[in-house]
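What follows is a pair of complexes built around subunit A, which joins subunit B in one and subunit C in the other.
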Partner chain A sequence: MITDEMLRQLRKVITSSARVLTDKADLVSYSYDASFGSYIPDLVLQPISAEEVSGVVKAANHWKVPIYPRGRGTSLSGGPLPVHGGIVLDCSQWNQKLIIDSDDTVAIVSPGVITAEIDHAASKHGLMYPPDPSSAHVSTIGGNLAENAGGPRGLKYGVTKDYVLGLEVVTPEGEIIKTGGRTIKNVTGYDLTKLIVGSEGTLGVITEATLKLIPRPQAAQTMMVIFDDIVDAGKAISSVLTSGLLPSKMEIMDQSSIVAVEAYEPIGLPLDVDAIILIEMDGHPIAIGDECEQVKKVCLAVGAKEVIIAADDESASRLWKARKLVSPAIVRKKPTKISEDATIPRSKIPEMFKRLKEIKEKYDIDLVVFGHAGDGNLHPNIITDKRDREEMRRVEKAVEEIFATAIQLGGTLSGEHGIGTMKTPFMEMELGEAGLDMMKRIKLVWDPNNIMNPGKIFPESKDQRLVLIND
Partner chain B sequence: MTEHLAYKETFDCVQCGYCLPACPTYVSIGKESHSPRGRINLVQMAAEGKISIEEITDSMELCLGCRACETVCPTNVQYGKILESYKEVKAEEEKPFILNKLAMQKGLPNKKILSVLTSSLKLYQNSGLNKAARKTNLLGLLPDQLQAFEEITPAIEKPDKKLRAAVQFPPSQTKARIAFFTGCIMDVFFAKINDLSIKLLQHAGCEVTVIKEQTCCGALQNHDGDRSTSKKLAKENITAFEQGNYDYIVNSIGGCGAMLVEYDELLKDEQKWAGRAKAFAEKNKDVSVILNKLDIAFNKEMNITATYQPSCHLLNVQKVSEAPVQLLRSIPEITYIPLPKGDMCCGSAGIYNVVHYHESMDILDSKMENVKKIVPEMIVTSNPGCHLQMSLGVKREGLAHKVKVVHIVELLAEACGIK
Partner chain C sequence: MITDEMLRQLRKVITSSARVLTDKADLVSYSYDASFGSYIPDLVLQPISAEEVSGVVKAANHWKVPIYPRGRGTSLSGGPLPVHGGIVLDCSQWNQKLIIDSDDTVAIVSPGVITAEIDHAASKHGLMYPPDPSSAHVSTIGGNLAENAGGPRGLKYGVTKDYVLGLEVVTPEGEIIKTGGRTIKNVTGYDLTKLIVGSEGTLGVITEATLKLIPRPQAAQTMMVIFDDIVDAGKAISSVLTSGLLPSKMEIMDQSSIVAVEAYEPIGLPLDVDAIILIEMDGHPIAIGDECEQVKKVCLAVGAKEVIIAADDESASRLWKARKLVSPAIVRKKPTKISEDATIPRSKIPEMFKRLKEIKEKYDIDLVVFGHAGDGNLHPNIITDKRDREEMRRVEKAVEEIFATAIQLGGTLSGEHGIGTMKTPFMEMELGEAGLDMMKRIKLVWDPNNIMNPGKIFPESKDQRLVLIND
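Up next, the complex of A and B:
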């Protein structure tokens, strides 16, 4: 696919041979991400400037070779997978720029900067970069921008797109453009910034971002609310959020995840319950003390069995550790974990729990529910073994039904992971034919040769189905 | 051939990538093929016959084996097993350089051979020849790495025979009965640290015995893919330490300790040995763990700022993180400063720093960047390899006059007035 002539041209653009990877061991190492499927690229390049990206993209566009931007490959939806071969553009080594401008309260970053490091740098100025996907200590900001990543704090603070003021982007034709700027208000022309964020690398390569920072809350308080019935937990979530209170995090763990965590590493969670919700309030220390009492009252009023307010930072971090341990705990049984993030309106949380239980029984699968309850972004996780083909077929059907249910309840296919390769067959179900067609037309205008991350977001044929295993 | 690879274990990896920031070679080399996730994938593909052992060698050989990836892995992938399975297959594929193999099988376990080596090294050092060699740049003839290590190799002192010959009893009531594991290289290059460990344990109320029949732990052989030699040595050690009813088997070498606590894993398929290996493994403790449990009477104020560089195998395999730090903090008038990114490997990793000198120095350089952020007066280590590597790092940065590198046992002994 990549001719000698093209490779010669690319080597002129990226002159350091250490950043042009052609060995088989290197190529196969960029064939996967944290989702499913493995596709070996023909070439991996590690750019560190917009000019290099521009040169590479121009060549790719000229020779019509597909190109796939990639951060650190933590995508759960297949965003960076080189499904049609071609060039993987590994931006993970492009981490040189991280500037905090405390006067303008913005951060200027290159795409390979680790997300958590932005927040860490901001904290030195009393500022915060709120988006906190659970992979924030691993993932790059470029990947977060492309996928519009979320995280637990999304409930109060919003997601990645809510913090992007401006971008520098290399278009699929190799032009370097700037969108937005560094002001909170900016209505000059179409909002291309928001179009690029969450476009999953299909409209261009993000080469620099200007991010909004906000004042860092002074304190935080954690509490655990215990329920005998997960439906009551759903009600409590709605009641808290409609009583004038806005927690910074609200995470739910169902009975199977509690049992799994306690079996894995005893933390002292109650076992004879149906669900627990972990809530964090942040803000001024005096205000949150008062707010925690209010949350407690509201929860008890809708049938919570018990409310425990963490006495100190240590017990708070023990509770959050329990939440973190859900993932390792549940994969002890079987190694493959399919983490879905279908999202529903808050009021439908109890209904969604009921439907998930039915799906679990119908397809006879191990399904665990935990996640960001407050914003309806539940994470039904299916635990299976990808070598068990028969079970994988049942899992594929169950996942399809989870998507259909979410859409039926007025929700969406993906709250924060992205469409990637996995959810393309369901796009029309959510968007309708005309809605999806408008998106396709935008893609065609930006990328007439379809070289920029092909095979993502849009189904490539009418009868495309969900496939979790490839050979 | 490839059926010996730990294929099943590779499926525990969900490819989340959480190991990437913890991997020193991923951080320094910047390629996915040099990350734990990348290496696990390569072993899986090799087992499936999709890539050859030859093609994955570069990536696998540059792994330090620090196992920091296991500590951060959210799904408990047994990376050590996967790496060792590759080493074993690799060793089978290319019968190793015969001398190297001889040294591993016969040299390390044989104290006599080692002591001949020691004596000649000592002679070399005492004669002043080493100084002369340094002056006249005779060593310039050697590869640069050997020269680097020659300069930081400690003066060799013979172990204290009296300490080893008889059981050492505590001054008053016995709090624990201990069999002391000396290690082979340790007892040649750092015999003094073993001596001080024995005295400290005695000082803290332990009865200490050095069992004569003990041998090399087998770690280096195991890392080299020679599992059968490791198993043979493990059995010898288990048998030797079964002869008395000891509460603990104690060592002061992070790397050996890691091998000893994994004897159960090493011998789990041998019915006759599995149970005995498990009992042995459970009794093995690092000296810092035991000393931290007991009360040590200090009699000297140290007035020093110190940081701690953990041994990867103590931290990631033996899972000992708190005890050394708590011990450090308990020393009178010591200011403990945590080392930023302290849990990253220093690049020593057995003989990695000799075999892969340049890669190791890249890793050491970033380690020293973090040391320079805090500029301690002392770097405390818990393994001889780390000790040498940190000394080299300090020297390369021109900080040798400012920053002292010690084993934790040396510092504790000084604070207790033990010589």
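Up next, the complex of A and C:
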């Protein structure tokens, strides 16, 4: 797909040969992400300036060769997969710019900066960059922006999109544009910033971002709430959030998650319970103690078995470690993990748990549920083995049913992982024909040659189905 | 423009003749808003269902007749003005739906609901709808959504857009679509919700919205910080916001504003000062007292003359009343008020004050400055008399220079009022040709016949200029 003549021209745009990868071994390492499927690109380029991206995109648009922007490849939905061959634009080397402007309380970053480093840099100025996806220590801000990454702190502080004030973007035709700016408020024309954040690289390449920072909370306290019935846990979440309290995190773990974690590394979680909720309150040091007591009272009133307030930072860290260990713990049983993020209105959490249990039994699969309970963003995880084709077919059906259930309960296909390649067949089910059409129109008019990350978000045929394994 | 045959067909869509206004007297009352210019529509319709809107829009699209959605007409930028004649779609009668779902902490509203009523209804459930534009007791949520209205609480809580989870929208071709949903997190495809909020009615008619509510803060405290030099006020704002404190409001009034208010109604503001900042802290009752003390310390350290913490709710209310009185107070001198909302990065507040002073002297105009200092969203107001044509020409030049200055300082044309008819000539100055073109493409592909609120946001000719008075 990439001719010698094309390569010659691209080498004029990216003159450092170290940043033009053509070796088969290199290409293979860009063929996958943290989701499913493997597709080898024809070429990998590592740009470090908007001008380089512009040059590459203009050429690719002229030749009608697909381009796939990529960060560190931690996508759980197939965002950076080069499904139709062509050029992977690896922005992970482009980490040179990380400026904290404490007067304007903003960060200016290049796309390859590791997400956690932004918050770390902000903390030195008493500021915070709140979005905290589990991958924050590995993933790049460019990928976070493309996918609109979430995380536990989303409950109180919102997701990536809520912190983007402005972008520099290379359009699918290679023009460099600026969207938004450096001010908190901006209503000058259409909000292209929030259109591009979360558009999964299909509307352009983000080459710089201006991020909003907020004052860093002065203290935090963690508590574990134990339930004999997961339905009560659902009720407790609503009760806390309508009692004038806003936790910074509110994460649920079902019994299977707890058992898996304790088997993996004994943390001291109670094993004979149906679910636990981990809650973090943050804010003013003299307020949070009182707020934790209020949370405790509310939880006990709706049927919590026990509420344990972490005695010190060490105990708190241990509890949050338990939450982080769920993913590594559950893959010990079988090697393949399908991490879903179907999201439902908060009030439907108990119903969703019931339905997930039915799906688990119906398809005889290993299903573990944990996630960001406070905002209804559950992570049903299916543990399987992709070499077991018979089981994988059942898993595919179960995943389809999870999506359908979420939509039926007034929820959405994806809360924070994105549509990518995996969920395209279900878009019309959620959006309707006219709703999907309005999205397609934007894609078409911005990217007439369909070169920017093709095969993502939009179904490519009417009869496309969920396929977790390449045949 | 509206033929008898068209009217006959539209009466089949909106069967109640009380909601089809054709009398000249009625039409005239829809010819203006709170900005400049007057344009009489051919017809006013008052829909109360998405089906009615769909029927009207389909017909208008077929005939290529312009449609202008309108709430209560409080727009300061000309948003609802029927500049090319046609049909005004008055949604202010459509206030039937205001549902608070406290389990999901959302409100579901029809477009004609008065904004303040949403927060009032939420407060009964311990919840809050934070956006608080000055017009909140008059304006409709539909208008707030179209313009992405802000307000003082924007500093801590964000603007209208930050609270919209989902919309029902009638597209410019009359299709009813749903965007977003009822969940806090949603990354299913492009964010049409945030594209439509703030698009000033140019991409469709909002027929229902699902709004996010948050726990209502339990207490609030107000303080007045007095400065002998407005530059110190600018410094104080940055210092407070980088000291781990996040006020819920932070409003500035310059000397002219203070003098005008005291002349209008004696509140007891200090007259011999250069500026005051009003600050509100909200949150946990035992924390805010301490936080106010911290704010006080920070302000005094950077040169505040005095810090007065309101002793009780009554004193606090009096201070906020002073802020609200600025607008009525300043129009006593001359009848015409041009309220601008050019917004700058916070660090540029002192520089902006200097520049505004220069502009005031250069064009010999009455210029008063107040506004949302915490987020750089100042409101330079020019007080004039539109019958004085010579002065109005000077005012037009001064306004142009305010826009250019804001952009030069890294700011934006509009922080919360919108572009409307007034600021279209300056769009390219801020966005560049390519940036503006990407917005135009969306408009074109969504509304090929340009019937949805034409003449707004986009300049209609290359040589369009700012005109505050119809000749």
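Observations, loosely collected:
Operating definition for what follows: the second predicted complex is superposed on the first by the 470 of 471 C-alpha atoms of A that agree within 3 Å, B and C clash if a C-alpha of one lies under 4 Å from a C-alpha of the other, contacts with A are read in each partner's own complex, and residues count from 1 in each chain.
The rule we apply is simple: a residue touches a chain if its C-beta (ideal position, glycine included) is under 8 Å from a C-beta of that chain, and two chains touch if they have at least 3 such contacts.
None of these values were measured; they are calculated from a predicted model.
After overlaying the two complexes on the shared chain, residue contacts for A:59 are found with neither subunit B nor subunit C. In the superposition on chain A, A:135 makes contact with subunit B only, while subunit C stays out of contact range. After overlaying the two complexes on the shared chain, residue contacts for A:50 are found with neither subunit B nor subunit C.
In the superposed pair of complexes, A:444 makes contact with subunit C only, with no contact to subunit B. By the document's definition of touching, of the two partners only subunit C reaches A:242; subunit B does not.
Here subunit B and subunit C are compared by how many residues of subunit A each touches, and C touches more.
Once chain A of one complex is fitted onto chain A of the other, the partner contacts of A:107 are absent, as it touches neither subunit B nor subunit C. By the touch criterion defined above, A:21 reaches subunit B but does not reach subunit C.
The residues of subunit A lying in touch with subunit B in their complex are 21, 23-26, 28-34, 46, 72-74, 90, 92-93, 114, 135, 137-139, 324, 327-328, 331-332, 335-337, 385-387. Interface residues of subunit C facing subunit A in the complex, by the touch rule stated above, are 101-106, 125-127, 147-148, 150, 154-155, 158-159, 161-162, 171, 175-179, 181-192, 194-195, 197-199, 203, 214-218, 238, 241-246, 283-284, 286-287, 290-291, 343-347, 372, 375-377, 410-419, 423, 427, 430-432, 434-436, 438-439, 441-446, 457. Within the complex formed with subunit A, the residues of subunit B that make contact are 11-12, 14-18, 20-21, 30-33, 35, 38, 41-42, 45, 50-51, 55-56, 58-59, 73-76.
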